[in-house]
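Heads up, there are several structures right after this.
Two complexes follow with subunit A in common, the first pairing it with subunit B and the second with subunit C.
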Partner chain A sequence: MNIKKKIEQANEVALERMSNVQPILVDIELEAMNVIPAMDKKTILHAGPPIDWGRMCGPTQGAIAGILVYEGLAANIEEGYELAASGEIKFDCNHDHDTVGPMTGVTSPHQPVFVLEDRENGRKSYCTLNEGRGKVLRFGGWDFEVLDRLNWMKDILAPALKKAVNHAKGIDIKSIISESLHMGDEAHNRNRSGSYLFMREITPHLMDTVDVSTAKEVFLFLTQNADIFNLNLSMPHSKLIADAARDIDYCSLVVAMARNGTDIGIQVSALGREWFTSPATMVDGLYFPGFSEEDACPDLGDSTISEVIGIGGFSMASSPAIVSFVGGSASEAVSRTERMYEITAGKSKTFTIPSLNFRGAPTGIDIRKVVELNEPPLINTGIAHKEAGIGQIGAGLTSAPLEMFHEALKSFGKKYL
Partner chain B sequence: MEKLDKLLSTGPKVLNIGLQSFYESCETQGIPTVHIRWEPPAQGNPELLSLLDKLL
Partner chain C sequence: MNIKKKIEQANEVALERMSNVQPILVDIELEAMNVIPAMDKKTILHAGPPIDWGRMCGPTQGAIAGILVYEGLAANIEEGYELAASGEIKFDCNHDHDTVGPMTGVTSPHQPVFVLEDRENGRKSYCTLNEGRGKVLRFGGWDFEVLDRLNWMKDILAPALKKAVNHAKGIDIKSIISESLHMGDEAHNRNRSGSYLFMREITPHLMDTVDVSTAKEVFLFLTQNADIFNLNLSMPHSKLIADAARDIDYCSLVVAMARNGTDIGIQVSALGREWFTSPATMVDGLYFPGFSEEDACPDLGDSTISEVIGIGGFSMASSPAIVSFVGGSASEAVSRTERMYEITAGKSKTFTIPSLNFRGAPTGIDIRKVVELNEPPLINTGIAHKEAGIGQIGAGLTSAPLEMFHEALKSFGKKYL
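And now, the complex of A and B:
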């Protein structure tokens, strides 16, 4: 069999495996280090490809300094910065620990995490709980408002949701995401429908397992943050789907794409854990009043795992409302999705797009097609302020740089030719 | 000859392949134009083209 045929067959296998994944929210672990592989009390995980402290962007450094205070390892933010720079803390990227996190993606040993399991093959993935909008850790916020919210999430929100999820014996996240695409979400920057669908699933179990006062607090938080809460369920769900395509010989599909605010990187199925990186791009977006591109940090977060499986920027056609948040027009949203069919190996059997006659979402980014057509994967994303402590300043559109796809293709050729 | 007369009397309809600025220029002059996005494959890079020839 010639190599072209081997690649096509491998990519078909990858698509089939991705399609078969059944991501279920099975638990909420109150201390991440109890479940995340190779994590101890001095390990802090972050978004994107691996990076040293000195090269990290402002928001990531701020989020890490803040989480060291939350962890009780530093008494204040200044000590947090000193400890982070001292070499005592081990930093690593979420993806290499079966984890994902939006924006800075900072995940620490004593934060609660969603635990998702693929009922097809038993693989697991993890993600912190979403803090909502405003000044939050994932955008580099670190003050008392941020830390108080994180402590409330650990003490009240996470234990309550854990009881409800356990009572439910698991919640099917893939069904929620699939339905949310028919309700105006693209499940990366618009998650409102997904959040409401999650609330529909969790409500009866919450009412059966926690007292009225706690339930009231939880519902208030979920309602106020419905714009974004489901992202932290969608992302580990997407991670399980993408991971099912890993380590397939001859497979030329991307299995991870992530940014740390300094670099953006991809991993390719047949090329193991190697990251191919380029400088992170700036986001062309709509800014909140008082902010402009001069204030923006380059693209940031693991949330591009959404685009890897065909939702998010690849399914913008399903979300005309998203353009009011990230810019552009509804017809551009459709044409963006149509362009992504040119660089993908197939169409999703699960995620379908109403405005395209329920065509399956473009799935499986093929590095060969990206390079041939000079067509980079499109991303829609939030924008963090470049300085720590300020938070989100807008949202917009960007695309992955072609150079890292060039390097990945060269490495692929070196391995197989 | 008849076709040429028609072209001169009704004006052109343009199918533009490649350069976006040509398309935009026609559009601003009110000329009916359809644009097809096209770039040299792999940005014309010989090493990448050779790889694609074998892999795609």
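And now, the complex of A and C:
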């Protein structure tokens, strides 16, 4: 069998495995370190490929300094910065701990995390709970408002949702995401319908398990943050699907794509855990009043796990309303999705796009096609201020740099040619 | 000023008045006869233009016989039919009592009704609460399952929602409908997002006003019927908007379009309460397993009030996923909406269609344009079995017959030429 055929077959296997994943929200763990592999009290995880403290972008440094205060390891933000720079804290990237996080993606030992499990193969993934809009840790915020909310999430939100999730005996996230694509979401930057569908599932169980004033408090937090709440369920769901395609010999599909605000990196199925990186790009965005591209941090976050499985920027045709948030026109949203069929291995059986007559979403980024066609994967994303403590300043569109795909393909060629 | 200019100006006034309407759900009245004008214990209202008992279609006769049992005026369904035929019951059409109802549209003195008020001008509209899918009165069902559910709605659902609505001091339905068009609804046959948005608004107030087991029971009923629950809020909302365009001298816009399963009729702003009717059409539909067009009742219900204000069939481009329910393709859904711009007076400022780059929905059916272009208004709709007691058998697409527009235009010409 020639090598091209071997690759095609391996990619088919990958698509089939991805398609079979059944990501279920099975629990909320109140302390991440109890479940995330190889995490101790001094481990802080972040988005994107691995990076040293010194090279981290402003918002990630700020979020880490802030979370060290939350963790009780620093008395204030200045001490947080000092401790982070001291070498005492072990930094590592989420993806290498079965975890994902939006924007700075900071995940600390005592934050609560969603626990998703693939009922097909027992694999797990983890993600913190979404803080909502405004000043938030994931965009580099670290003031009292941010820390107060994180404490409320730990003390009230997460325990209540945990009871409800346990009472529900798990919630099927794939069916929520798939339905939300028929309701105007693309499940990366637009998650409104997905959040309402999650509320549909969780609310009766909240009513059964917590007192009514807590149930109401939680319900209101979810509704007020419906635009974005479901992202932190969509992402670990996508992570489980992408992870099913890992470590398949000859498979040329991307299994992770993530940014840390300094670098963007990909991992490829046949190439194990090696990261192929390029400098993170600037985002072509719509900015909130008072901000411009000069203020922007480069592309940031693990949320491009969405694009890896064919939703997010790859399914923008499902979500014409998103252009009012990330820019562009509805017809461009359709043509963007259409272009992504050129660089992907197949069409999703699960995620379908109504405006394209229910065509399956373009799934499985093939590094060979990206290089051959010079067609980069498209990303839509939020934009953080480049300095810590400010937060989100807009949202927009970008594409993954081609260089890292060239590097990955070179490595792939070395292994198999 | 020539007459053409007078008509154009009148139609502009109508669009402006429609645009200013603020339909708020202000109350749920537990007994319709307490609020619906000119309704007494022996009045039964129905959908469409006025019609005598003898000419009514099977499902409407069955729904009336059934509701007479519900009302305690008949001991069983046979007695219901006898009483209905006896001449003792006064039948009239919903529209002439500030009311609308889907399919058979039967509205009886002791059913609970939504009360909507236009905060702009104090006008009110009424609609029963939606029963959900399956065997239901609005599709001609009348057995114990149907009557039990109606009693549960009267005893549990309506009182609970009433308390919540009163506690909320009203719920803005226009903002729900407008948002739902950005979430894949067209708010006539697809109401899923609208129902979730309504649940977002009502649930915290339910938690504040009723015991938790009732709140849960109501929440589950709403979620199980989310596909359709919001229709009975969308319709009286649309009625208030359309009513704002009534009785404007020289205005050639349709202010009501409704079917009773035998006839379809329109009312025109400048022509008062006169109905111009044609035989109701058959629907080109997707049928549930075991049923075909031979089983179908002709087009039925007041729900075309949606199309009168530019949503429903006129905004199918907002709702590509609906084609899996009513038939056609996503691209046809777009071209249908585009054709409706040809026969309407303007674009909605409130209802916008993301996939058409947020173009306003085609609003205000101008009888002159319909006749001149031979272009009938498009309708999407549910399909009832032609015999009573069976219920919904499908959903599909049809268009309003041109004849009644010719008749209306003749009458318009007589008045003004």
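Quick note on the criterion: the second predicted complex is superposed on the first by the 417 of 417 C-alpha atoms of A that agree within 3 Å, B and C clash if a C-alpha of one lies under 4 Å from a C-alpha of the other, contacts with A are read in each partner's own complex, and residues count from 1 in each chain.
The working rule: a residue touches a chain if its C-beta (ideal position, glycine included) is under 8 Å from a C-beta of that chain, and two chains touch if they have at least 3 such contacts.
Being a predicted model, the structure only gives us computed values, none of them experimental.
Asker: Under the stated touch criterion, name the partner, subunit B or subunit C, that contacts more residues in subunit A.
Answerer: The partner making contact with more of subunit A's residues is C.
Asker: Looking at A:Pro354 after the superposition, I want to know if it touches subunit B, subunit C, both of them or none. Which is it: first, second, both, neither?
Answerer: Second partner only, subunit C.
Asker: Have a look at where A:Lys4 lands relative to subunit B and subunit C in the superposition and call it first, second, both or neither.
Answerer: Only subunit B is touched by A:Lys4; subunit C is not.
Asker: Where does A:His406 make contact in the superposed view: on subunit B (first), on subunit C (second), on both, or on neither?
Answerer: A:His406: touches subunit B, not subunit C.
Asker: Have a look at where A:Glu372 lands relative to subunit B and subunit C in the superposition and call it first, second, both or neither.
Answerer: A:Glu372 sits against subunit B, while subunit C stays out of touch.
Asker: In the overlaid three-chain picture, which partner chain does A:Met183 touch, first (subunit B) or second (subunit C), both, or neither?
Answerer: A:Met183 contacts subunit C only, not subunit B.
Asker: Have a look at where A:Leu417 lands relative to subunit B and subunit C in the superposition and call it first, second, both or neither.
Answerer: first
Asker: Which bits of subunit B are touching subunit A when the two form their complex?
Answerer: Touch list, subunit B to subunit A: 39, 41-43, 45, 47-48, 51-52, 54-56.
Asker: Which bits of subunit A are touching subunit B when the two form their complex?
Answerer: For subunit A paired with subunit B, touching residues are 3-4, 7, 252, 368-369, 371-374, 402, 406, 409-410, 412-413, 416-417.
Asker: Over in the complex, which subunit C residues touch subunit A? Could you list them?
Answerer: Listed in rising order, the residues of subunit C that touch subunit A are 182-184, 192-193, 196-197, 199-200, 203-204, 207-208, 212, 215-216, 219-220, 223, 226, 320-321, 323-324, 329-331, 354-358.
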